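Notes follow once the structure below has been shown.
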Amino acid sequence: MSKQIKYQPLPSENIPRYADIATFMRLPHVDIANADQVDIGLIGVPWDSGTTNRPGARHGPRQVRDMSALMRRYHPVLDISPYELVNCVDLGDSPVNPINLNDALAGIERFYGQVIDKQITPLSCGGDHLTSLPILRALAKRHGPLGMVQFDAHTDTWDSYFGGNKFTHGTPFKRAIEEGVLDPKRYVQIGIRGGLYDKNDFQWQQQQGVTMFSIDDCFSQGLDQILEQANQIIGNDASYVTFDIDCLDPVFAPGTGTPEIGGFNSYDVQKMIRLLRGRNIVGADMVEVSPPFDSSGGTALIGATVLFELLCIMAENLS
Amino acid sequence: MSKQIKYQPLPSENIPRYADIATFMRLPHVDIANADQVDIGLIGVPWDSGTTNRPGARHGPRQVRDMSALMRRYHPVLDISPYELVNCVDLGDSPVNPINLNDALAGIERFYGQVIDKQITPLSCGGDHLTSLPILRALAKRHGPLGMVQFDAHTDTWDSYFGGNKFTHGTPFKRAIEEGVLDPKRYVQIGIRGGLYDKNDFQWQQQQGVTMFSIDDCFSQGLDQILEQANQIIGNDASYVTFDIDCLDPVFAPGTGTPEIGGFNSYDVQKMIRLLRGRNIVGADMVEVSPPFDSSGGTALIGATVLFELLCIMAENLS
Amino acid sequence: MSKQIKYQPLPSENIPRYADIATFMRLPHVDIANADQVDIGLIGVPWDSGTTNRPGARHGPRQVRDMSALMRRYHPVLDISPYELVNCVDLGDSPVNPINLNDALAGIERFYGQVIDKQITPLSCGGDHLTSLPILRALAKRHGPLGMVQFDAHTDTWDSYFGGNKFTHGTPFKRAIEEGVLDPKRYVQIGIRGGLYDKNDFQWQQQQGVTMFSIDDCFSQGLDQILEQANQIIGNDASYVTFDIDCLDPVFAPGTGTPEIGGFNSYDVQKMIRLLRGRNIVGADMVEVSPPFDSSGGTALIGATVLFELLCIMAENLS
Amino acid sequence: MSKQIKYQPLPSENIPRYADIATFMRLPHVDIANADQVDIGLIGVPWDSGTTNRPGARHGPRQVRDMSALMRRYHPVLDISPYELVNCVDLGDSPVNPINLNDALAGIERFYGQVIDKQITPLSCGGDHLTSLPILRALAKRHGPLGMVQFDAHTDTWDSYFGGNKFTHGTPFKRAIEEGVLDPKRYVQIGIRGGLYDKNDFQWQQQQGVTMFSIDDCFSQGLDQILEQANQIIGNDASYVTFDIDCLDPVFAPGTGTPEIGGFNSYDVQKMIRLLRGRNIVGADMVEVSPPFDSSGGTALIGATVLFELLCIMAENLS
Amino acid sequence: MSKQIKYQPLPSENIPRYADIATFMRLPHVDIANADQVDIGLIGVPWDSGTTNRPGARHGPRQVRDMSALMRRYHPVLDISPYELVNCVDLGDSPVNPINLNDALAGIERFYGQVIDKQITPLSCGGDHLTSLPILRALAKRHGPLGMVQFDAHTDTWDSYFGGNKFTHGTPFKRAIEEGVLDPKRYVQIGIRGGLYDKNDFQWQQQQGVTMFSIDDCFSQGLDQILEQANQIIGNDASYVTFDIDCLDPVFAPGTGTPEIGGFNSYDVQKMIRLLRGRNIVGADMVEVSPPFDSSGGTALIGATVLFELLCIMAENLS
Amino acid sequence: MSKQIKYQPLPSENIPRYADIATFMRLPHVDIANADQVDIGLIGVPWDSGTTNRPGARHGPRQVRDMSALMRRYHPVLDISPYELVNCVDLGDSPVNPINLNDALAGIERFYGQVIDKQITPLSCGGDHLTSLPILRALAKRHGPLGMVQFDAHTDTWDSYFGGNKFTHGTPFKRAIEEGVLDPKRYVQIGIRGGLYDKNDFQWQQQQGVTMFSIDDCFSQGLDQILEQANQIIGNDASYVTFDIDCLDPVFAPGTGTPEIGGFNSYDVQKMIRLLRGRNIVGADMVEVSPPFDSSGGTALIGATVLFELLCIMAENLS
């Protein structure tokens, strides 16, 4: 890293973790206008207008920032010190609009356009899963249709809700495929489970060539083998990682809007992300942490740790 | 009451209060299609798309139904047995749409049109405060511009939010006045407090002739005197009562989206509603109970009791 | 106090309040068999088989013991140091039986017989309000029919529940009057409120000569005047004080089974108990703290403080 | 399914899951008097008088109804659409009595007698585990002594508590064997763990021929093999499934009365129930969800999902 | 205000209150090194090493920052727009040390020395009440012995704890008087209540000339009269305001370490602070908010509002 | 066991588990002065002055005592009835000092000196992990340098915090090795995970010969093999077991100060402790349960069960 400025998190051995203003990973807060030396930008997207059931993911970024103070600087399993490799900062929150869905979608896409124009790799914290759509749009302008690994209990490729409404947190990836920003052949879903509305709910995405690994696949084949297949599917081209916190069992992540029992534990998700090491990840997000449903912060702690795991492999990839 | 069917709540001295399916006041659930013998319809409006800060009021009706099982049949202070006077039922929930604000506003108005067409007086449970707007629209079609008593920490007569969005839970009564469904001269607000965005926030409503009693007015003049004035202002014509749970101090009503400290206690609000006895109340609502911020149900218990207090004076008025 | 043993609470200025095994007021735990030098015995009655709605008061004594560690030794408003005046200990819990109601009633009465035989004045912590009945029975054997001040939202003089069951937490004082252990002419209820099952619910007790002050009486006449009347009604003969935590507003005492909004605040109840100073109180209880509905301990803290207030006036009376 | 009426749950893609009155699975509420076209009846038994430690299971059915709104219509792993196969409804709650244990046992048995007389297969939601006894009695009248698979941390075959009390939630299955309604040779327990009162606690049931798989057996042999044995033991004759939520680890099911650490996770229990597919299940229950110990609803969500899993295999069996 | 830079909070009508990094009042975070244009500095002191019972106040500043997002810009009762009058910022947190009490006391004093050297008036958020001592030391260097209004349940003028330890949250103001940084003749305590360790606990401070108003004084004389006396006692010279959140009743402020029932409600404290208008306040703090004991944020919301009330009168005083 | 007194826990089949004063395992509370017939002493150490982040472990012993009432008398997996083998009691709490770290360290060491002088094997409940240091010092006086098995997410062998402070809960075992009370060659750590401050954080302990098994080692090699190695490393000489509750995944143990995701589940820890059977364990502790972060008691229930598992193998070893 040969930047003039070297951004570093507050040192927890001198300044206690509970002290000072909460930013992602205790990193400096740098405005997008001043972010010329930034490699990876952590960004909050406090928005949940796509939520069909229990709202609250709009409060996610603030609680994740708070709990991320527990992260340290060096990852001993991966042997990575991300802040030595690249410049990471907290870019603050994307503009949002809780009242006007279309305005919000446009505003988020515009903000990420600025981020990408500055050559910053975005690592985002939602927000509900609809937030991934404008981010994918912005990234695809630079990279073309993206590959994607999605950790999730649900496919989020339904068509519409409540009388034809096309933009919800259950539909972003059908839209992304239709719009050509997501390449269905290089798109893999991991951890899918739970009841369906209809026997044919998975039909459309199968026809597009999307690969789905159910939770039963994951537990019967083993996570190593699933991730090996996932890595082959996305290949070496520009890919995105989207991590819905509800891929975890609800006992690990009660603070979310659409819990499905029988999911991953926290070690599983750490292991899976580490196995994505070496992929060409041009952006990632962790979404659907809903603090009103977990005021303890336990869900957000997993969210913060997932962001740190992603940050490590993204930093290594960029360096 | 000379109806063929007499609807009665489940008897708590035989069937424990925690038993059976939760309806408002343990009343029968009657579909609007079969509601020909109903005088007062308790209706849920599980919708919070107008919320500018902390969401969750969409979950209000279900929790209020649960806590309303604690209500009994006879009000000893008012000496009213509402279920002896008129036929009361739970009409279920109004149609809503969490994704499409305009569709929801239209759907709610349409549903209340059906209710009013059946000569049913609606007593509603929100939902956020924007839910009052379509109800007022439906009622005004029959009654003309309504008088209104609003118990609230906030006036909810702001103009717009987040770049000109006109329909939020902070703006319903500006819209209602502009649309002519609410008569500003017969509109009184009680309990207003908290900081403002701007020194001139109250200017518009003052110009329209709205009467506002701040919490300081209430505590310095006494509640009897405030309500006497309120009753004079709304007079004997058709009036609406809207009760925002945040008129209570947040320690009494933590389960709400926009708490303001320094509010009413629960005895205050019981007392005030009882002083509305004898008014010509053609509809009422209790809004902004947000269960994710009070899983204990304490806020909803107050909400349920407020609904029972309103029900008593409305039943007496109709009988 | 000329006892050989002088029982004292653990000193909080040396041993932190959170330390050591939790007993009432940090007093020594003395078995009834060894309690020959005891003047006032604090006793838990962990039993809630009389509960008609939300159970949990069986867990009350343990949580009240925990929170009572916050009490100190000297009451500056009353200028009383109870532990200097009389010997106070924690006698542990009365035997109970969660499965067999009749066995429990008999066992509690038997235990309190032993306590009273040792000339110990009992200060009890319930349990639900049915626990007062066997205690009154045991006390009446020595003192004859007792006077009583009851702080409560409910009269608890109903006749029966669920098909003629006579022993519930809604019926103890009808039983006590019928059995002649409670003198209805010297029995006063303070704080009654909430809906009723029937217009005539109060008829029976009025016919017996019971005095009832509703919460409206209390707030309109003032607490000083209400307590002055109460003191006159119970007079100078042997009297009991029973304090149902639900006399407080549910926001102060959420941890209880039958909350009724619009009740006392914590200063009100402190004030009222202090006004009972000088009465001939031969026993007292504080009941209906239900920890599962308030894991924060706030309700139990009020319960513990109420016990300390009662202890002070009882100690002065005995000394 | 050739019924005249086809009962269907509310469609979540049109009516949000949090909307409308909470019934099991959002199914219609049909009174037993009108249940002539019903195949499977979901029934609440809000009763916990058999509880020896922490009460609250009486509140179970209401919270499970609330959380069951998250269930969808099609089970993709089993490839079953239960509501297409048979008619399922919410039959409301069984009569109960929180004050009189014997009256409650009789009332529950009587109610299930009516259900069975209408050829309805009962799928019940407790309540504590003593609720299974009157249900077994009613079922055995038709089917003779039943086989049973019990998922539980405890055998619940103890003899008596607190001085010879025979009817508690720790004793139902000793009673059921003694009464001849449960066939000990076709009775298998899965997940037993935790300390015992005495070294010989298991002796009696072993002598009767009951098969017990401890949690250690389950984890060392694997769930497939355990369930294979269980299926052989119950065979093809009429059998019952009783699912005590405390078979799960307390971190998954904190809302219960007698937690034992070291239990199943939520995926384990889904897997085990699915392996019961094809058995001749004439009734099932899920018991011991105690909402006061888990206001988050997480325990109840598992309970609701367990009911849906059972419903699927029961519907297939009946069709 | 003729500064070159005008610091303003984020506008909530454009950027939702839950969005962006949480600073006090949504004000800019300015490092002390760059704070040359600052008039009032909001400062966190995340430190609770002086706590004798329940810890956690170290987490106070972060939660208060979060909840302070609910504050708006204009105070309609006082008719003050603080951010128009003076430059206010969030100065971040003072250095602290959770392991070494003496090091922390020295570090806090040093940091406040810097603040005062820059002519910044400090408005602080604790931390436990011992944090006030180093702040008073730093302020007294400039202003000499200070007058002080203390809102508190406890005098905090005890001598020592646990074997002669002089520096705890129960002793700061005995130390401050002994050190000559606090003028006992101009020192008034408001809201004192609760039991004492000893009958003579108040003796020392009375001898120094400290004025104490118990909660009984407050409620019997009325708050207007108490504050009038308080204003006379502190006079027009440099004074400090210290607000211990436990002056409020624990039901309003459960998130604190030493709750005493029978305290102020939230309206009382707003009223009292407003009556300090016009005093020469050279610094103020709000202390003892302990988030682990109130994860709901309700206590912190009161703390944040108290800070805003103090900010308004301090801003007016400076302008 | 040939003692004159035989200490037994309260029998839960007669006295309900929620009844009576809470001691560890419902055992008699015996003062150290009267403990001449005691073999194993359960001791609370309510102290957390070494905590660098979230405090509260000082409240651990009381909550663990409460939850330990759920333990029974016989361990069916190990086939051990500890109370038949040796005399076990609750010795109450060690003296502590929340204000003065050095005084507390000295006082704890002195108290354990008394315990060991009476030939009592201590089984302790913290408190934070710094409490282990004075216990090790006291034990090493009798036994020389101890072997140790540490279950933990963190090594706790860091050097110092916040400017050279040597005594924190992150440093006890570096101190213990330096002081010669812990033999690094016979010291094994199990479950280590989470980020580090620096790449070389483990260097010092490796140089001393400490054996560390990371959580990845545990999950990839299997717990049987890890414990077999651990048993070889500590050998047959006097050894200590220290169990930090944060070795469990935070979802199992949210009530702790430094949660790290990806840890053990509750079955894992039961299994591992059982595999220590037969070792020469001269003392053990379970630390870092912090009730303010888990008011549900779930963390404390695991802590209580871990103490019972340890008690069983220690009792067998002594008998």
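Just so it is clear, A, B, C, D, E and F label the chains in written order, and each chain counts residues from 1 on its own.
Keep this in mind: a residue touches a chain if its C-beta (ideal position, glycine included) is under 8 Å from a C-beta of that chain, and two chains touch if they have at least 3 such contacts.
Small disclaimer: the values here were computed from a predicted structure and weren't measured.
**Q** Over half of interface residue numbers shared between subunit A and subunit E means same, under half means different, so which is it?
**A** Interface between subunit A and subunit E is built from largely the same residues.
**Q** Scan B-E, A-E or C-D for the interface that duplicates B-C, counting it as a duplicate when over half of the contact pairs agree by residue number.
**A** So the equivalent interface, with over half the same contact pairs, is B-E.
**Q** State, to the nearest whole Å, the distance from the C-alpha centre of subunit C to the C-alpha centre of subunit F.
**A** Using C-alpha averages as centres, the distance is 40 Å.
**Q** Quick one: subunit A and subunit C, Cα centre-to-centre, how many Å?
**A** 56
**Q** Which positions in subunit D are in touch with at least two other chains?
**A** 16, 18, 52-54, 58-59, 98, 161-163, 251, 265, 293, 296
**Q** Write out all the pairs of touching chains, ordered by chain label.
**A** A-B, A-D, A-E, A-F, B-C, B-D, B-E, C-D, C-E, C-F, D-F, E-F
**Q** Could you please specify the touching residues of subunit F with respect to subunit D in the complex?
**A** These residues of subunit F touch subunit D: 11-14, 16-18, 70-77, 79, 81, 251-252, 265-267, 270, 296, 298, 301-302, 305, 308.
**Q** Enumerate the contact residues on subunit B facing subunit E in the complex.
**A** For subunit B paired with subunit E, touching residues are 52-54, 161-163, 194-199, 201-202, 214-216, 219, 249-251, 254, 258-259, 261-263, 265, 293-294.
**Q** Please give the residue numbers of subunit A that touch subunit E in the complex, ascending.
**A** Residues 15-16, 18-23, 29, 44, 46, 58-59, 61-62, 65-66, 90, 92-93, 95-96, 98, 295-296.
**Q** For a test of understanding, state which residues of subunit E touch subunit F in their complex under the given definition.
**A** Result: residues 48-56, 58-59, 97-101, 103, 161-163, 165, 167-168, 292-293 of subunit E touch subunit F.
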